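When the chains are written out, they are named A, B and C in that same order, and each has its own residue count from 1.
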């Protein structure tokens, strides 16, 4: 037995001093601007759950009456991601709204090409917020970049009166109210807030699964004060998102040394300079995860991360790199745990990397599940069904 | 990896007055004072930067160049370096609270606005994305998953492209049965988006980097705006 | 009835020196300390050797303690916590709690010497993993190990083959809100690097820094010997993350001189944690109505010419309760506070 005057890492206790530093708690400023008649603040509807942010502020996470601010990349290329979020809401019988008067945040383009400007970006954000407010639902942001970008927009609107003036004029022209939500909430915060309820209804044992986690840059690096932390998860030294959810599902969350690195998406790069995205993703992320943690799956919570980590592995194969790791979102993992269909709901056929071994490990007969899905496709082909409904997806 | 050539007056074809003017435009940006305080060259931004591991790219050099207001060096960086940034904002961790990533956002905007050759080159092949986002309000769409666009993503892209219509119909959320946009978007919403582009002058930026693309997008927008009763809204 | 006694709050180096000074000048010092022993942070944190002269911290603190114990001019009150104060220059009544009892202490003037506390690396914006990796320790932990005479990796008890110091942890950082330099860490790290060399003759030793702040004789007494004689590698560039890979750590940073990102395997990492106001300093500022600066340290009002007077007449502050200070600063300020407080009492006693 080693006797040293130094404690082991897990015995060291730290206390968060919340009254120091230039923290970005905009709550007071947002409500003050409402008092001054600058805008309307949309309150988080009840019931909500409070989670801790980086410096101990309590963030309100709405449970229902949510307005689903969808992600263009998710809905376009990995639609089971969003379908799983909706499926979870429906399973819990929660009231939600899936709007058709939503545009994407357009931030992917902004970060990729700079062919936009702060007024346009803020106006797009506020137009979406106003659309949510008008129907009485609270925005739940599906995309990490939209989430991070909207936090930036909110920060800019609070601090730049001239920008507020311009956006206000635009909203007046559009005949829409100038509304800012009390909290900017990411869907994976909602999943985390729901983790115990999800675990209560878990149908699939996942204790044999080891997962690595990739937190999205725009979730926790852009205005990190607003991301969720938990002293039980990495001693609150990393965001609790995903890891907290997976642990609640009984999954073994494994560490790897490049956890902080980005996925390689690069906004512009994934579209027109993919040599960077591929190399970074395979060599700095997937390869390291396999080498150090040998996981069954890697789980992330943003459009770009799922896409880049998943799609880049194909080219890695040709170079004999360590690849072949299924990539999924926390919403898909949660839905799967609760018994969602891997193809009808999780829509895993849109993913690139082979996930059959992963499904087998969970005891899922993927051939049977695939034929069930094919049966639904046949009904569509035969004209018996125009679409596959939620009822068909059961 | 191409070494970044930072030698003095590398772009001697561009006058110092022009280099000064471009930097002055960046500096006049409302965000400027919050993205650059001072730099003591700790290197944390480089350490956290994904692009620095793949390219000869240094957010620290960019922060230093703008802090020194070395407009010649800044021009070289605008021409040869800023488009390598991944815009992940890992560098927001700067202990001085600089944001090299946001400095780059602003420098990119200036490059686009002024139609710099480097901006045009960086956005080569990107035009279809601008077309999509400007006209539909979603950046990518299911029908963009074509093998010729993503050859390095393997055979599964073929499979998606072949089955696209059926697979989209086999999505339980009612808003996702689309192929040209990521979800169903109301006509009124699209018109509102065009009005935002119009009121914020975004199309001028696009004309700077791709005149042809600008013409195509503007034609479509003006036609739809006219149909919606906005015949007075023109982008000229 | 006016009092000529001077109450000194805090039994660390500044308080010990102040109490001794008051007694030497023929006045009575009442030295109040909330712990059960004197010596302050050097004692509590078990410092091994002092910077820059490598003198044993225990021996130095013993010398300071000896000067106030069995000293007829110093009344010691250990296990005593100050809770309130009334009155003014010449007539302070300081309320305190001692073993559950409320007591009143009369004094003509007050010297606050409540010191600092070490920055908690859990609040660091960079990812240094102090709460994740056993082999990431602080300067304070390292002092304890040197004092125990056993410098090894906490994870396995083996001698490290490579050790890195990371400077400016919790200092010079707008994100954290501590924009100031903590002043002593460069010197202490270099001193510790020399101690590591004694324990581990073959180890690679690195100091990752932004600027080495080794003013005056610290340059020739520590910096150069560390570099030249003890072969400590100084690398200009900070780490942004400490990661674990297998059984060793990875320091991820930039070597700014060579302009390239680096990932260096390391057995042990020592975080050079800076100074923040102690809980006692913040509490005493409230009790005596003394202004604090934006960092929570006690604000002195005389600029460079008077480093001990506060906004409250008759209340003085010395040492690290006013901001980052080394031992020389603390002891010098204590002397100045003694002079100023006795001067104030004497002036107050003379009718105008």
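Keep in mind that, in the parts below, a contact is a pair of C-beta atoms (placed from the backbone, for glycine too) under 8 Å apart; a residue touches a chain by one contact, two chains touch by 3 or more.
The model shown is predicted, which means the values in this text are computed figures rather than measured ones.
Asks: Farthest chain from subunit A, going by the mean of C-alpha atoms per chain?
Replies: Centre of mass proxy via C-alpha means gives C as farthest from subunit A.
Asks: Which of the two pairs, A-B or B-C, is linked by more C-beta contacts?
Replies: A-B
Asks: Mean of the CA atoms for each chain, then the mean for all of them together: which chain is nearest?
Replies: So the chain nearest the centre of the shown protein is A.
Asks: Taking the mean of the CA coordinates per chain, how far is subunit A from subunit C in Å?
Replies: 44
Asks: On a C-alpha centroid basis, what's the spacing between subunit A and subunit B, in Å?
Replies: Measuring from centre to centre gives 22 Å for this pair.
Asks: For subunit B versus subunit C, what separation do you get between their C-alpha means, in angstrom?
Replies: Each chain's C-alpha centroid was found; their separation is 49 Å.
Asks: Which residues belonging to subunit C are in contact with no fewer than two other chains?
Replies: If we look for residues of subunit C contacting two or more partner chains, we find 174-176, 241.
Asks: Note the residues in subunit A that touch 2 or more other chains, in rising order.
Replies: In subunit A, residues 22, 260 touch at least two other chains, as defined above.
Asks: So which stretches of subunit B touch two or more other chains?
Replies: In subunit B, the residues touching two or more other chains are 48, 53, 93, 97.
Asks: What does subunit B use to touch subunit C in their complex?
Replies: Subunit B residues touching subunit C: 37, 40-49, 52-53, 58, 60-61, 93-97.
Asks: Report the residues of subunit A in contact with subunit B in the complex, numbered from low to high.
Replies: 22, 70-77, 79, 82-83, 86-87, 98-104, 106, 108-120, 123-124, 127, 131, 148, 156, 159-160, 162-163, 166, 169-170, 173-174, 176, 217-218, 221-222, 224, 260-262, 264-269, 271-272, 274, 276, 278-280, 284, 311, 314-315, 344-345, 347, 349-350, 352, 373, 376-377, 380-381, 385-390, 392-393
Asks: Over in the complex, which subunit C residues touch subunit A? Could you list them?
Replies: On the subunit C side, the touching residues are 46, 120-123, 127, 129-134, 136-137, 141, 144-145, 147-148, 150, 152, 154, 156-157, 174-178, 241, 243-246, 250, 296.
Asks: Going by the contact rule set out above, which residues of subunit C touch subunit B in the complex?
Replies: Contact set of subunit C toward subunit B: 125-126, 168, 172-176, 210-211, 236-241, 252-256, 259, 261-262.
Asks: Show which residues of subunit A lie in contact with subunit C when the two form their complex.
Replies: Subunit A residues touching subunit C: 2, 4-10, 12, 14-17, 20-22, 234-238, 255, 257-260, 292.
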